[in-house]
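Below are two complexes that have chain A in common, paired first with chain B and then with chain C.
Showing the complex of A and B:
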């Protein structure tokens, strides 16, 4: 296998080349996707949910699908504007990850008895999340690489990471397994976003201000969506604040709050 | 339609591609396989292999741009998910063919310049015709151009290259085998998904037929430039002579390629691709348009 086990032996350039390759992606995902059917083990017992719990879970899953569709459309659009071949290849692995997330979440809804998931999503989608999606796709259409990567691979991925990670702790076993698989992918995507933007901000410090404005514009949409999801999940005040802090912490790592 | 699309799910793709025919491969071939020594030692043949591989990279870059660009225009979640798998397939093809350039001795810093220098202008124009449709978010024309015309061409070219290299370059033949398996899936999606959309939008047919005619012309011009006046002609003839002496039958659509002249090989490839277009376009209700011959 061309992928080196000890990444510490690689030069900076070799490291970027390796972690952005199809080969690296494949070896990363095969460990945790092998043997799973639509994100979970086959034959796992369905939880015994009452009507209200089932309905709340469906609302949450619908909004996860909105987020993943935004991520799929966003990542696929970013392939065209990526500045080099390695970034294009990494984003292609992200495209298939996001497509997989959408597919497993739609499948989970059909397992819960939803006959027409797409119609259900249209009916239950959180308006803030839809606005976020529109803004993300505008940034991609404007070919604004830095702002689109911030919106997609830092803000959206950090939101999903925080919510899915938290939800997996309290969800039924099947949903938890699906979410934990998604969270593993999100770590890779956030890593790419932080790395890509971190290097660019280091080389062009005047970008800080512009990206902070983009972040400020998107923050309230993200926090609204977070609030909405937390309500559907029945999360209490303390945990809700913890979720908000988790999201903000991810974005703060880029130093955009200063 | 939902049933048909379930055959093109990411779950199926994971099980049939990365976890099946790509399992254990390294850049598409078996670990430890190398380009043949006699190819690397012969400057004319090595340069010819680089020139050929550059065309594959150019075609795959176009396919990557097209498949990723069409996701946003796809009318349903199932098509988006299939195009997500196709995006990664095409990115993998870019990666493995770029790696072949490196294996053939192109330095990493010279990759972009090498691709720019050797890219056939007709192939670049072929890509531009398709990407104009993708840029306009024209899903129907984009999928016909991408999954029937471009992928149909790639499928036939890869099969011909594989027939020629099976006996003399197992490393490259194995790389091609994986890409052929991918292209077969892509062509299948195009045929299955677009037929119903063409029925819903018959008014789109003339524009799509013109696109096919234009792309086909640029494809034929690319073939002509590759086969005729090839600077490596003499050396390639020597390789073919060696294949004949060893009793190698490089069979492709009923012809033994080691016995054909470059012009005859061009004819076999062109006829095969155009015949495939005619059949596949007929299946989705598009009337094949005969292109001018360069």
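Showing the complex of A and C:
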């Protein structure tokens, strides 16, 4: 089948086929990751952080690693229960993305002088985020596709997208470059989550109530984690509210806010 | 009652009135394969504005660009977040995109 060069003239089927492919993924990430080493340009100068700034940054990066590990484990499990080929292939690209995110964040901690990042994560991880991770992996183990996609690709990814995007604006140049690369990947993940869930809810509207309950159960865990990270980043109340806006927008469009 | 969506439309006349746009190859947007990059750009925040051939993706906030002036009912795709969208006119009379699951 000939594929048109004007993206908006593709049929829905052609568009779906294109974007849920490794071919699309490869040519997309090539645009913003080629030439980088561990997510940033080689030889970039380390920032001059004082001890307190460095410590706060390490705590934040530790919690980013918990979130990325949750998404890596979650996406890996979701491949097995994905309902169709498109979803399986997309999620396999997400697994690669999440593995890369974890790797570059761990590497960033090493660059900041952390000798044992794994030990540091265990010591500094936010309990709410760890609980969220456990619940996500339970949903995957229960083969609850809709609830797991809601937890991972709508709730977790939307908040990561907003927090990383915000943090990149104030972070040192190296951390900012690493985070901006992750944000570009997250755009695909949040889009997949909302669209997949939107299609499922359209075809099974009685699922709304059940998913609203899952959302209510998970909301306070991620919002606690958001509070924790926002505090470390020195984010004010107004900005904190803005960070939740992307997630709220997605939940509203899916009809899960009432 | 007649369904306005089924009313005959003079497509040629409607198409003639639409302004066409030549999209610059490089908008600085690097998140999709090269041949599709011209269809997207980043929203620059305060001071930025949308041209008649542009709408913002409500899911990921990227600006979507078309080779023609957009009108309500047009279908556009946000490739960076893989969303299918339909252009609508909002309460303020502005064009915006809504997600079509």
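Couple of notes before you dig in:
One rule holds in what follows: the second predicted complex is superposed on the first by the 250 of 258 C-alpha atoms of A that agree within 3 Å, B and C clash if a C-alpha of one lies under 4 Å from a C-alpha of the other, contacts with A are read in each partner's own complex, and residues count from 1 in each chain.
Here is the rule we use: contacts are C-beta pairs under 8 Å (C-beta built on N, C-alpha and C of every residue); 3 or more make two chains touch, one makes a residue touch a chain.
Quantities reported herein were computed from a predicted structural model and do not represent experimental measurements.
On the superposed chain A, the positions of chain B and chain C stay apart, so the two partners fit side by side. When both complexes are overlaid on chain A, the residue A:93 reaches chain B alone and has no touch with chain C.
Contacts of A:76 after superposition on the shared chain: chain B is touched, whereas chain C is not. In the superposition on chain A, A:15 contacts chain C only, with no contact to chain B. In the superposition on chain A, A:194 contacts chain C only, with no contact to chain B. Judged by the touch definition given at the top, the superposed model places A:184 against chain C, while chain B stays out of reach. In the superposition on chain A, contact of A:134 is made with neither chain B nor chain C. Measuring from the middle, so to speak, at the Cα centre of chain A, the directions to chain B and chain C differ by 100 degrees in steps of 10. The overlay of the two complexes leaves chain B and chain C separated by a minimum Cα distance of 12 Å. Across the complex, chain B meets chain A through its residues 9-11, 13-14, 18-19, 22, 26-27, 31, 64-65, 68-69, 71-72, 76-77, 80-81, 83-85, 87-88, 90-92, 94-95, 98, 111.
The touching residues of chain A, counted against chain C in their complex, run 5-8, 10, 12, 15, 18-20, 24, 27-28, 31-32, 184, 187-188, 190-192, 194-195, 198-199, 201-202, 246, 249-250, 253. Contact residues of chain A toward chain B in the complex are 1-2, 21-23, 25-26, 29-30, 33-34, 37-38, 69, 72-73, 76-77, 79-80, 85, 88-89, 91-93, 95-96, 98-100, 102-103, 106, 117-118, 137.
Put simply, chain C touches chain A in their complex at residues 30-37, 39, 58-62, 66-67, 74-84, 99, 101.
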